[in-house]
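Quick one: the structure is below, questions incoming.
Chain naming follows the written order as A, B, C and D, and within any one chain the residues start at number 1.
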Amino acid sequence: MIDWASIAEPMVLAVPAGSAAILATLPGYRLSSKLNVLASLTTFLAALTLIVHRPPAGTFLLVDDLNVFLIVLNTFVGFTASAFSAGYISHELESGKLTPTYLRFYHAMYQVLMFGMNLALMANNIGLMWVAIELATLTTVLMVGIYRTHEAIEAAWKYFILGSVGIGLALFGTIIVYLAALPVIGEGLDAMAWNVLTTRASAFDPALLNLAFVFLLLGYGTKVGLAPLHAWLPDAHAEGPTPISAVLSGLLLNVALYAVLRFKILLAANEAALAPGPLMVTMGLASLSFAAFMLYRRRDIKRFFAYSSIEHMGIATFAFGMGGPLANFAGLLHMAMHSLTKSSIFYSVGHIAQVKGTQKISQITGLTATHPLLGWSLVAGVAAIAGVPPFGLFMSEFLVLSSTFARQPLLAVPLAFGLLIAFGALIWRLHKLAFGTPGPEEKSGPAPAGYKLVAIFAHLALVFVAGFYLPTSLTAWFQHVAALLG
Amino acid sequence: MHSIQFDIAHLLASALVLASFMLLYQDRMFGLIQVFAGHAVVLALAVAWQAYVQDAPHLYVTAAIALVFKATIIPVALFRIVRRLEIHRNVEKVVGVGSTMLIGIGLVALSIAVMLPVTHRSGAYTSEDLVFALAVVLLGLLMMTTRRNAVSQVIGFMSLENGLILAAAGAKGMPLVVEISVAFSVLIAFIVIGVFLFRIRERFDSVDVQALDRFRGDRG
Amino acid sequence: MPLTAILWLIGGLILTVLLGVALPERSGRIVVYGLASIFAGAIAAIAGAVLIGLQPMDDSLTLPMGLPWLGANFRLDPLSAGFLVVIDLSALFASIYAIGYGRHEREARRILPFYPAFLAGMNLVPLADDVFVFLFAWELMSLASWALVVSHHREPANLRAGILYLIMAAFGTLALLLAFGLLAGPAGDYAFAGIRNHHATPLIADLIFGLALLGAGSKAGLVPLHVWLPEAHPAAPSHVSGLMSGAMTKVAVYAFIRIVFDLVGTSAWWWATVIMALGAAGALLGILAAQMDRDLKRILAFSTVENIGFIFAGLGLALAFRDEHLGLAAALAMSAALLHALNHGLFKTLLFLGAGAVLNATGERNIDRLGGLIHRMGLTALCFLIGAAAISALPPLNGFVSEWLTFQAILLSPELSHWGLRLVVPAMGAALALSAALAGAAFVRAFGIPFLGRPRSLAADMAHEVDRFSLAGMFALAALCILVGILPGFFIDALGPMVVRVIGAQLPAQAGQAWLSLVPNPQAGSSYNGLMVILFMTVTAVLGAGIVHRLSGRRLRRADAWDCGFPDPSPITQYSGGSFAQPVRRVLGDFAFKVTETVEMPPPGDLGPARITVQLRDPIWEFVYAPLTRAVSWIADRLNPLQYLTIRRYLGLVFTALILLLLVLAIWQ
Amino acid sequence: MAIVPALMVQGGQMLLVLLLAPLLTGFVRKLKALLLRRRGPSLIQPYRDLLRLLKKEVVLAGSASSVFRSAPYVIFAAVWVAAALVPTFATGLMFSWSADLIAIVALLGTARFMLALAGLDVGTSFGGIGSSREMMIASLAEPAMIMSVFTLSLVAQTTQLSDIARFMLEHNVGLRVSLAMALVALLMVAIAENARVPIDNPATHLELTMVHEAMVLEYSGRHLAMIELGSALKLLLYVSLIGCVFLPWGIARADDAPGAYLLGLLLYVGKLGAGGTLLAVFETSIAKMRVFRVPEFLGAALMLALLAALLLFVSKSF
């Protein structure tokens, strides 16, 4: 009998790393795209086993309640995204936007990215986590610039510079955390290990923790895409390959937010430290309302949904800032639901951009008439992201709003306002995209084969079910984590 | 005995801050690069001194990296880039030197105000080092935001990163410092290569980031 | 267990959605609408049985869904049962109608899946017994109806209506959500049972009331939140329009009653005045707008605004009486409001179905291009006439009964002790009387212009009677209108349990009264007997006709119209909708809609026609909604440049953020 | 009281109003003629007209529909039923409970509704003019009427007309501001509803000034007869309504001696005469007003009635 726990944990990291190496050498893109899917699938399965068999905390790796659900989510979306990209990327090759060499590079990088994110999630060491996130950043930068068009390189450059600065700030924060831990825990790796830090945090010097949190919030917040640190996000989403946009919105933002949460726990554990809540609430609200208004003037469909990602990250940050079992539960749920929904939206958008041959909203009309399946999947996705039932985001937004309003009515008003503004923008654009009669000059290619849309509907189905039914086990564990977040 | 160690550490750290100020002051491209090399050398010394004081041998590696990579390779590469792209003209600034200096001094004051009350508990070196490290970081950021062209922005970023390394080295017995400095060097390499290899010359006449920004997405 | 049965039926409706997706359009139409009518009918039957006491009241059920720690709670109490009846009567006949009507849909695939979902949503709202289920069903209802509104998506107007509708719906839901947030309190007890136990402070209660008014009002079409109604209701297919006006607005009324009368527990005197003022204003504005408009379905939608105003006025009265513990009066007002909700559900659905029939037969909604339809579609005309008479509150039809009850309730209001109420109530009474009279004018126009006279367009001339299913649906509703009109006692008794549930008092049993007449308030002894009136009228009419024919025989000669000696064959010379509305427009249109009439006379000798152009401007839209939209786009424009900064400036943003936070920290420490 | 006499009273009343209605019309016409120094038609001229019309054949416009043909009977029935429920010479009519004052107003509304539809039915311009103006007038007159009904029933604590009459008779109501206002409002409404000068001119066929006549322009023969009878009944209804409420003296109450009934009958005829005289004098002494001044006239009535009701709401003592 093999000890799954001992195997699964390294597998989640080893599979992506190994397959990345292989993919870097493989020529033909058909095979490599299949291999890519396979690798992601195995990673996902390995991650699944982590739920059941929880390995003990190691010096460098840690799987606990908080990150295991993110790991599973991460690998799952990574898997569906790879499946989607298998269908997507071939079209890009045919349309000559990419060359086989770049494809090989793309697939390798995809797995490296997966590796980086999984490592960031599983790292038991604040330094290691930092390194992993930096790795993820670098790979995504390369992927964003992969089309080597003018805009793509500009976006990548912007992302790179801002991301690096963010990373730098985060490192400074990390160092300060170590310094805070130093007197209590003593020198060495323990002073950087999560499981140790979390337990001893109450004894740390609060002032140092506060200082650290400022840097960490700004540093990792840049990667979460909180206003005013968001600037890289829309362009990176818009100019990169759509699978990467999906991964960025669905996963990387979550990973960064996860990092912030981890450090928030430290502060929460320390009474003397200033409550991280107000900072997060402020930035959350800022991102939400800012993105909501920005949505109205977007002309590029991918950039449009990128801003909606900023909005939702804002909501989640707000929820965690509010704290308390209800709000935290809502925040976790929101993270999960958003990454599922948003990635599915980006899948649809990718196909739409391919059949319409453009990303300009003004040149896309009446999708439900021309490509019913694609069009309705977009309608469902946008409805879900706008937070109407029967989709999961409704539950999370419901909890955030009502719990906030009961405690801090004055905070809930701008929140509700921002939600309404964003809702208006989403609906307005949706009508334009999905309904009406397409103009005569509008070109529209053949609809993508049904199997390419499986991923979309799989995600939507999950979000749909979560809208009215959450399995009790899942809930119990969400609540446990929520309590842990304080 | 401790006092002299402390003074030297103090001296080196403050020298780094001074170097940052010189970077801010410098307005010729080649001069800028030379000053940056100096910056890196000072960093290498400071780290080496910390290695000696904390007798943490791995810090020597970091110092070596700083010396070899930042103080020699990078500057050389930058020299070549600048020559290739014919941009050894003045570094045009957004804010005048004087006011930049004033802001810089303000930043140093801020970092002292923030740090000193905080760090007195953890050993003396760290506290001093942290103050200066923070100052260097802020100055680097200031430089990035007040310089128009890419090379000087890159240099600003690298000085920022030097500050981080200083802080990391200052943190007593902090693990992974080497790994982190390596990771950072990779990052910097990427940036430099990026400036060099982003086919920027194919597409733009200069590496002026503003030119790069000419097409800020989502227009029409 | 009635609740279980109803939930199963709703489940059936939800499964029907899949059929609507899967089946081919032709058979799908019959199956979906057939099943929908069966399920709706069954629910109406069960709920009715519960209401008249054949089935046990108040049974509740919790499903393992919804909020994990709470589950999905459902409860069937008299209030919800009554509203289920109201909803599903409309739904039943609208579905039957749709079996035939749907044949003319070009893109039925855009309707079939959403129709049963819409019904399911409407049925779930009254059953919800916790906040989450309530809002879930509420939004489901909005979403499905939105999909139906944009089902004819190739007309830009419909898309605009869809956007406006969905945004208003979201606004309403947010308001309700916040209201529930306050009701649940910090503990976050989202079950209605828990909410009833947790009592809010007066200030919070006022806040809840305001939010509930916004939330429910925006869905019901209460002034000034009614703007979406005349856009969205006509955009949908007619049977859906009928349901949106007839049933969905009632769901909103239910939500309002549930929150304000049941959940909050307390109330302040001025709540009633606010409700009554808004209700009266809505009644007047709505019916005036209906009088001005030319689009048949828009006319009906505006008249919905009027009727909702009427209902809310009744509710306000009931609240005022309940505050001062005048049980009988409160029960009277509440019965009036509820009965009117039922009646409006019947005749508004009927009228929309009729309008749909006209639309099918002629492809026209503009009454000025119709005319003389009664000669070609006599049965539809008959149904529409009954509906029009009923909605104009003419005895012996049902509309009059609820109006009469409301007036009776108003006459009891001198007993109110609060001066504010004493001033508001009579004014409201006058406004209601005025709007009732105007309704008569509006519906003389709405029936007379399209159905009577001579056809004004070829389409109207070519019209033909609609199919059997459509007629069946309409006739059933017309029959119900008459039935409620002549035997109101039974229906009022059936509403009794609902009234008891929210008021705590009840009217004396009506069915027992002599000659089945209506005596709501024994010591006043005012009574009305629809049965007698209709008997008398038929007897006298038949008598008169008999005698006259005996005296003068049945001689009759067809000839041209005399028209004071110079008849004009051209149908353009008839009075059109516009010209019919002119007197009222001149008299009342001005203060409500800033009407401007401009007449262009050709110079003497020029044979060109003189033109009159009329402009209506809705002040509410101009002063409330337009500024809001302008503000949003203004802010968006101001923020937009942030997308186009240079990297250096973005770094500057990060830098300043960092400095700010550090300063905050330095100061804080 | 016993069924049989009650039925007799009820039936007698119904016949009575039917018979007296044309007479009242004729009386008013005659009086107006005399006031204008004309001989004028004889008192029974209206009966003659009705019979003549009944004898004539109906000439029906080609575009007329069943609405047009059934309208006269419905109108007649509605008005007659309404008139039958207004106490003329005796309160406590057998079927008085089947419709109260509000219902009576609404019954007249039904009649008006049908009449307006009939006006639109043939599809001529004049019919349209008539209907639209009629509805405009009605939409102001009816609320005024309702509000004065409110006033009455707030005083009498009921909307049941015969109870109101009995209340007025038995209780010493005295002179009340509110009642006076209500009376004035009611009179104005009555003038408007019966298409009398200054609102409308029953005698004119000058196209642009007519309202009621324009609606019935296309009617002929028996249909016209029913319409004429209906309007005559309506006039009678209003007069006897005002009479039984504001000068209820002499109205026989339930289980009174037959003598009382007789007295009531005589007094009733007297009241009719008085009402007719007042109307004739008023009509001859005033000129018809422009159509668009009518709203001001009726608006005044509405305001008066509202004020009366308001006063009563504020305090019972007005």
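In this text, contacts are C-beta pairs under 8 Å (C-beta built on N, C-alpha and C of every residue); 3 or more make two chains touch, one makes a residue touch a chain.
Predicted model only: the values in this text are computed from it and were never measured.
Q: Quick check on the contact graph: shortest path length from chain B to chain D, in steps?
A: Minimum number of steps from chain B to chain D: 2.
Q: Which chains contact both chain B and chain C?
A: Intersection of chain B and chain C contact lists gives A.
Q: Report the most central chain, judged by the distance from each chain's C-alpha mean to the global C-alpha mean.
A: Chain nearest the overall C-alpha centroid, as shown: C.
Q: As a test of whether you follow the contact definition, which chain pair has the most C-beta contact pairs?
A: Result of the pairwise contact count: C-D comes out on top.
Q: Centre to centre, using CA atoms, which chain is the farthest one from chain B?
A: D
Q: If you average the CA atoms of chain A and of chain B, how far apart do the two points sit, in angstrom?
A: 31
Q: Just the number, please: Cα centre separation of chain A and chain D in whole Å.
A: 78
Q: Measuring from the mean C-alpha position of chain C to the mean C-alpha position of chain D, what distance in angstrom results?
A: Here chain C and chain D have centroids separated by 35 Å.
Q: Per the centroid of Cα atoms for each chain, what is the distance between chain A and chain C, given in Å?
A: It comes to 44 Å between the two C-alpha centres.
Q: Among all residues of chain B, which ones touch two or more of the remaining chains?
A: 114, 117-118, 141, 144, 153, 209, 212-213, 216-218
Q: Out of chain C, which residues touch more than one other chain, so two or more?
A: Touching at least two other chains: 643, 645, 647, 651, 654, 658, 662, 665, 669.
Q: Using the touch rule from the top of the page, what residues of chain D touch 2 or more other chains?
A: Not one residue of chain D touches more than one other chain, so the list is empty.
Q: Which of the chains are touching one another, listed as pairs?
A: A-B, A-C, B-C, C-D
Q: Residues of chain C touching chain D in their complex?
A: Going through chain C, the ones touching chain D are 371-372, 374-375, 378, 385, 389, 392-395, 400, 403-404, 407-408, 410-411, 413-414, 419, 422-423, 425-427, 429-430, 433-434, 436-438, 440-441, 444-445, 447-449, 452-454, 515, 517, 519, 523-529, 532-533, 536-538, 540-541, 544-545, 548-549, 551-552, 555-564, 567-568, 571, 573-575, 579-584, 586-587.
Q: Considering only the defined contacts, which chain C positions touch chain B in the complex?
A: Listed in rising order, the residues are 643-648, 651-652, 654-655, 658-659, 662-663, 665-666, 669.
Q: Considering only the defined contacts, which chain B positions touch chain C in the complex?
A: 94, 107, 110-111, 113-114, 117-118, 138, 141-142, 144-145, 147-148, 153, 209-210, 212-213, 216-219
Q: Which part of chain C faces chain A closely enough to touch in the complex?
A: Residue list for chain C touching chain A: 64-69, 72, 109-110, 131-132, 135-136, 139-140, 142-143, 150, 153-154, 156, 159, 162-163, 166-167, 170-171, 174, 177-178, 180-182, 184-188, 190, 207, 632-633, 635-637, 639-640, 642-643, 645, 647, 650-651, 653-654, 657-658, 661-662, 665, 668-669.
Q: Which residues of chain B touch chain A in the complex?
A: Interface residues on chain B, with respect to chain A: 114-115, 117-119, 121-122, 126, 130, 133-134, 137, 141, 144, 153, 157, 160-161, 164, 167-168, 171-176, 179-180, 183-184, 186-187, 190-191, 194, 198-200, 203, 209, 212-213, 215-218, 220.
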